[in-house]
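Below you'll find a set of structures to go through.
Each of the two complexes below includes subunit A, the first together with subunit B, the second together with subunit C.
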Partner chain A sequence: MLLLQLLINGVQVGALYALIAVGFSLIFGSTKVFHFAHGATFTIAAYIFYYLYSVSEAHWILAVLAATAGAVAFGVFMDRCIYAPIQRHEGSFFTVFVASLGAGIIVQNLVGMIFGRGFVSVTTPLSRSIELLPGLYVAPLSGIAILCAIVFFGALQIFLMRTNVGMGLRALSENPELVRVYGLSPRRLSTIVFALGSLLVIPAAIITAASSGLNPAIAHHIMLISLAATIVGGVGSLRGAACAGLLLGMSENLALMYLGPQWSEAVTFIVLFLFILFRPSGFFGRAIAS
Partner chain B sequence: MIAMKKVLAVGLLSFAAGASAVHAADVTIGALFPLSGPNASYGDVFGSGVNLAAEHINADNLINGKLTVQYEDSQALPQQGLIGMNKLVNVAKVPYVLSAFTGVSKAISTTAARTKTVAVNGGGVGPDLADLGPYFWNVIPLANDEVRAMLPYLVKERNMKRFVLVYVDDPLGEGVRKELNSTLPGVGGELVEALSVPATAQQFSGIAARVRAANPDVIYIASYGSQQSQIMKQFRDNGITQQFVSYTAFSIPETNALPEAKGALYTSQNIDWNSSDPVTKRFVDDYKARHNKMPTAYVANYYNAVRLFGLLAQELDKQGKPITGENLLAQRIAMKTFDLVGGKVTFTENGTVISPMQINEIDGAGGKVAAVVKE
Partner chain C sequence: MLAYIINLVTLISINAVLAITLNFIMGYAGIFSMAHAVFFGVGAYTAAYFALNVSASFFLAVPVAMLAAAVLSLVLALPALRVRGEYFVAASLGLQVLGVTIFSEWKGFTGGLGGLIGIPPVEFFGYGLSSNTQYMVLALACLLLVVLVTTVLLRSSFGRNLKAIRDSESAAHAFGKNVATIKTLSVAISAALTAVAGALYAFYLGFINVESFMLDTSVLLMAMVIIGGTGTLLGPIVGAMLLMLLPSLFSYMWFLPATEIGSIQQIAYGAAMILLMIYRPGGLVGASKKQVAK
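On to the complex of A and B.
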């Protein structure tokens, strides 16, 4: 029963990790911007939802909409007002990364000043587990996390494969110059990517606020997961990032069957290390011929 | 014109000399607290006690000159703490540093000993902190005292015998594990499982499954900050209904406000907040007036740490001795007893405060004292 419990926990955590990672992977794969502030997007969405739903006692739909607006606005702001001016002045990859890192730290401190620097969480009966079988506890939120992951990935795939904008985004990741030749604006597409990537983090932010709770420094953990899942999944592969997120969540939990909990984070890095050694292109990444 | 310039220059020089003379009399002490990161809320709590004590010392003109506190952000991490300590000792040249968290305190203790700077801990409770040399003092009872106070109460009065320990993988957690291992058999209890977690871990649903499988009466949580709240929330969400128990780290507002923490027990040093002792009364009244709530043991500890400095520096001023780490240490040994919040306080030979303990219960309304342990 312990194995089944850990498996279910692993799928829930993995679904959250997948949702977190896929937004970062989409942005990084399409624009080559190391959007470290993706963790800050997560923090902003989570805290807006927490404040409106738990503190102001607004309706949950209103709280979700406000969290979405806040996260998307921040993502677009970062692209338009931070990254675009740097790139316009031929700023290097590293300059953009440092700007993103700085923005993440500013958001962390602002969130701490506004909402307090302690632990907060959203109290909801959905996070309370129900004993399905003797010794097997599952919370309704687990089902919601898995459902959200399926719906969001399905919708993203349809958007990228079936719409003109989606095809433009895929083209952007391949060759921005060619995109311009075809009359599309790489800058506009970049903004759409940031909006979309930020949107994808919303369900994970809200579910995390209710299941694990929040603190202003949570962004570091989010970026760790995003980065590990992006590398394990293969840079630029959304399917890969989703599968890697799931793999990392399940590895962390299933490791508890045989190892002490202090090894659970190490397991993430062991998986990462093994992929770098034996499959550096990741799950679905393409091998690069020299 | 030249003469006028000379007059101006002389005037400016004498003003500057006067200003530096004022500064020379001022005294700065250092504080290494987590001001950012997941444990930043502790920095707020600790700082509220430090600032109030500095305010009282300056209002009373207890020492010659003004007392100021230079804060450095340790992030509750040993490496950051050491960077802050080096800055305080080598740049600001402070004689007295307030420290917090076991890992940070252990990291800075060697620098304190080497530079003969007094380091005073009011937040970390790892038992190792008692043996960090003459320049390292503790104004908080350590984890071994806290665990020893709690265990007989749980086993004998509440008939809870099966313990699971969830502890952070650092010197504090290790210290609590050792203490539970050695003390529990003697009082009739049993440590059925000890699960260590990394300080950065945030997911505990899987660990909850392991805890449930161990079927304990009590879950002792030896962690701190956001993590201890996350553990309790996720454990309750995952069907764990057993008693939560911990040490002073539970006395922060965020843990007291957590619905899942209701009913949790934790130890702290025994302080009668309603005492008519003038030091305690002034501390409690002024703290309540400023923060509109009762102080906690942590606030009192750091108030005491700064007040202790004020009392020692006052004596050194009277004797015409400079305020250095060496002189502060010699004066503490000479004075032996101090009037601090909670009453008269004495230190053991290793520089750790001696205090009775109390067991507190989180009730969602500011907490209540469940028992007082005198020995």
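On to the complex of A and C.
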């Protein structure tokens, strides 16, 4: 029964990780921007939701909308005001990464100053677990997490495959020069990618806030997951990132059978390390080893 | 007041050593490690454990700490040899997280969350250092030594090989350079020198716990190198001085709430990193238009 319980928790966490990782992977794959502040987007969305829903007791739809607006605005701001000026003179991986890291530090500390550095959590009517079978507790939130992941992936897939903008985005990841030749603006596409990538984090941010709680330093954990899932899944492969997110969530929870919860991040790292050593191209990715 | 300055100079020297060693792999070998605090920690814990259980002699404890860090650095070098920069950031971030978990869980060696207390003062031929002034001299001497060692190494053919690898790995390979060996060596040297700073830190404070070796420290060190200027000799020292003086500067500003100074400091260097990357990616010391490491 413990195994089943951990499996269900694993799928819930894994679905959220998959959403986070796909957001990062989408941005990294198509714009080549190492968006280290992706974790900050998560923090912003989660704290806006926490503040409006738990502290000012606004309606949940309002809180979700505000969180969405905040996250997307932050993503677009990063692209327009920070990455664009850097890429104008030189866009080496390092420069962009450092600027992004700086933005992440600022957000983490601002959130810490405004909301306190402690642990907060949001209680919703859906967070309470129900005993499905004797000894098996499942919250309705797990179902919502899985449903969200499926809906968002479906929508993303349709968007990328069927719409003109979506095709433009896929072209951008292949060859930005050629995109320009065809009269599309890589800058405008990149803004859309950032908005989309940030949008994907929102369900994960809100459900994490409502199930396991938040602290301002959670961004690092989110980044570790995004990076690990992107690499394990293979860079540029959204399907790979989603599967890898699920795998990381499952392995983290199944490891609880043998190890204490403080080791969960170590498990993520070991999975990542093994992949880097033995299969650096990931599940489905192209070869990236130098 | 004098005691305050002596303390500050000692801490700046220790941090400058850390920044220089990080710059050694970041600025010259092109390896962006977010796990530098782990090697700092390994050095500190090894030296402390050795001093508590075997001997507090500088000439025994420090080499042991260096050796431990260098051996562990192979864990970092292994993925670094396999993948490019982006992926390596992820691996080192993971190693940092794993390091903190081990530091706080391995109670027999690190004392767990409580840390190690009562580390004896470091001894030179049986004579123990007692005053803070002596520690300041020792820290400055170590800083000087590390600067010398890295400068000599970078001026040698080894340093030129490193820069060649940073600028174009395939070109260096085509010229018959053994890329794997050079990279591994550079990581091991950097880790060993980092351990010197760790040992100094442990002896100076007489108390260490995991708080000093968390991700925040790695990021702070990275900020020192970047703000000062990657791939320059003076840059990391300037960066370390600036970032270490910043908190004391802020504490003179009466209008800032005292409990938030840590956060304000971090926001300040976060903002500095963004602005520098937009306007001057080479850092304060680096040339303004110089191409920085890829």
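Just so it is clear, the second predicted complex is superposed on the first by the 279 of 290 C-alpha atoms of A that agree within 3 Å, B and C clash if a C-alpha of one lies under 4 Å from a C-alpha of the other, contacts with A are read in each partner's own complex, and residues count from 1 in each chain.
The rule is simple: a contact is a pair of C-beta atoms (placed from the backbone, for glycine too) under 8 Å apart; a residue touches a chain by one contact, two chains touch by 3 or more.
Nothing here was measured: the structure is a model prediction, and the numbers come from that model.
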Check: Fit or clash for subunit B plus subunit C once both are placed on subunit A?
Finding: clash
Next item on the list: Using the touch definition from the top, say if A:131 reaches subunit B (first), subunit C (second), both or neither.
Entry: first
Notebook entry, point to check: With the two structures laid over each other on chain A, which partner does A:215 touch: subunit B (first), subunit C (second), both, or neither?
Noted result: first
Next item on the list: Examine A:265 and indicate which partner it touches, taking first as subunit B and second as subunit C; both and neither are also allowed.
Entry: both
Notebook entry, point to check: When the two structures are overlaid on chain A, which partner does A:102 contact: first (subunit B), second (subunit C), both, or neither?
Noted result: second
Next item on the list: Report for A:116: first if it touches subunit B alone, second if subunit C alone, otherwise both or neither.
Entry: first
Next item on the list: Have a look at where A:139 lands relative to subunit B and subunit C in the superposition and call it first, second, both or neither.
Entry: first
Notebook entry, point to check: After superposition on the shared chain, which partner residues are touched by A:82: those of subunit B (first), subunit C (second), both, or neither?
Noted result: second
Note to self: Contacts for A:276 in the overlay, against subunit B (first) and subunit C (second): which applies, first, second, both or neither?
What the structure shows: second
Next item on the list: Quick one: from 21-29, 111-119 or 237-245, give me the piece of subunit C that collides with subunit B in the overlay.
Entry: 111-119
Item checked: subunit B/subunit C common contact set on subunit A -> 108-109, 112, 262, 265
Checklist line | In the complex with subunit A, residue positions of subunit B that touch it | finding: 36-38, 40-41, 43-44, 169, 195-198, 200-210, 212-213, 225-226, 229-230, 233-234, 236-239, 252-255, 258-259
Checklist line | Touching residues on subunit A, where the partner in the complex is subunit C | finding: 28, 34, 82, 85-86, 89-90, 92-99, 101-106, 108-110, 112-113, 220, 223-224, 227-228, 230-231, 235, 262-263, 265-266, 268-270, 272-273, 276-277, 280, 288-290
Checklist line | subunit A partner contacts - residues on subunit C that touch it in the complex | finding: 32, 78-79, 82-87, 89-91, 93-95, 97-98, 101-102, 104-105, 169, 215, 219, 222-223, 226, 230, 260, 263-264, 266-267, 269-274, 276-278, 281, 291-294
Note to self: Quick check: in the complex, which residue numbers of subunit A touch subunit B?
What the structure shows: 2, 5-6, 9-10, 12-13, 108-109, 112, 116-121, 123, 127-129, 131, 135, 137, 139, 211-213, 215-218, 221, 252-253, 256, 260-262, 264-265
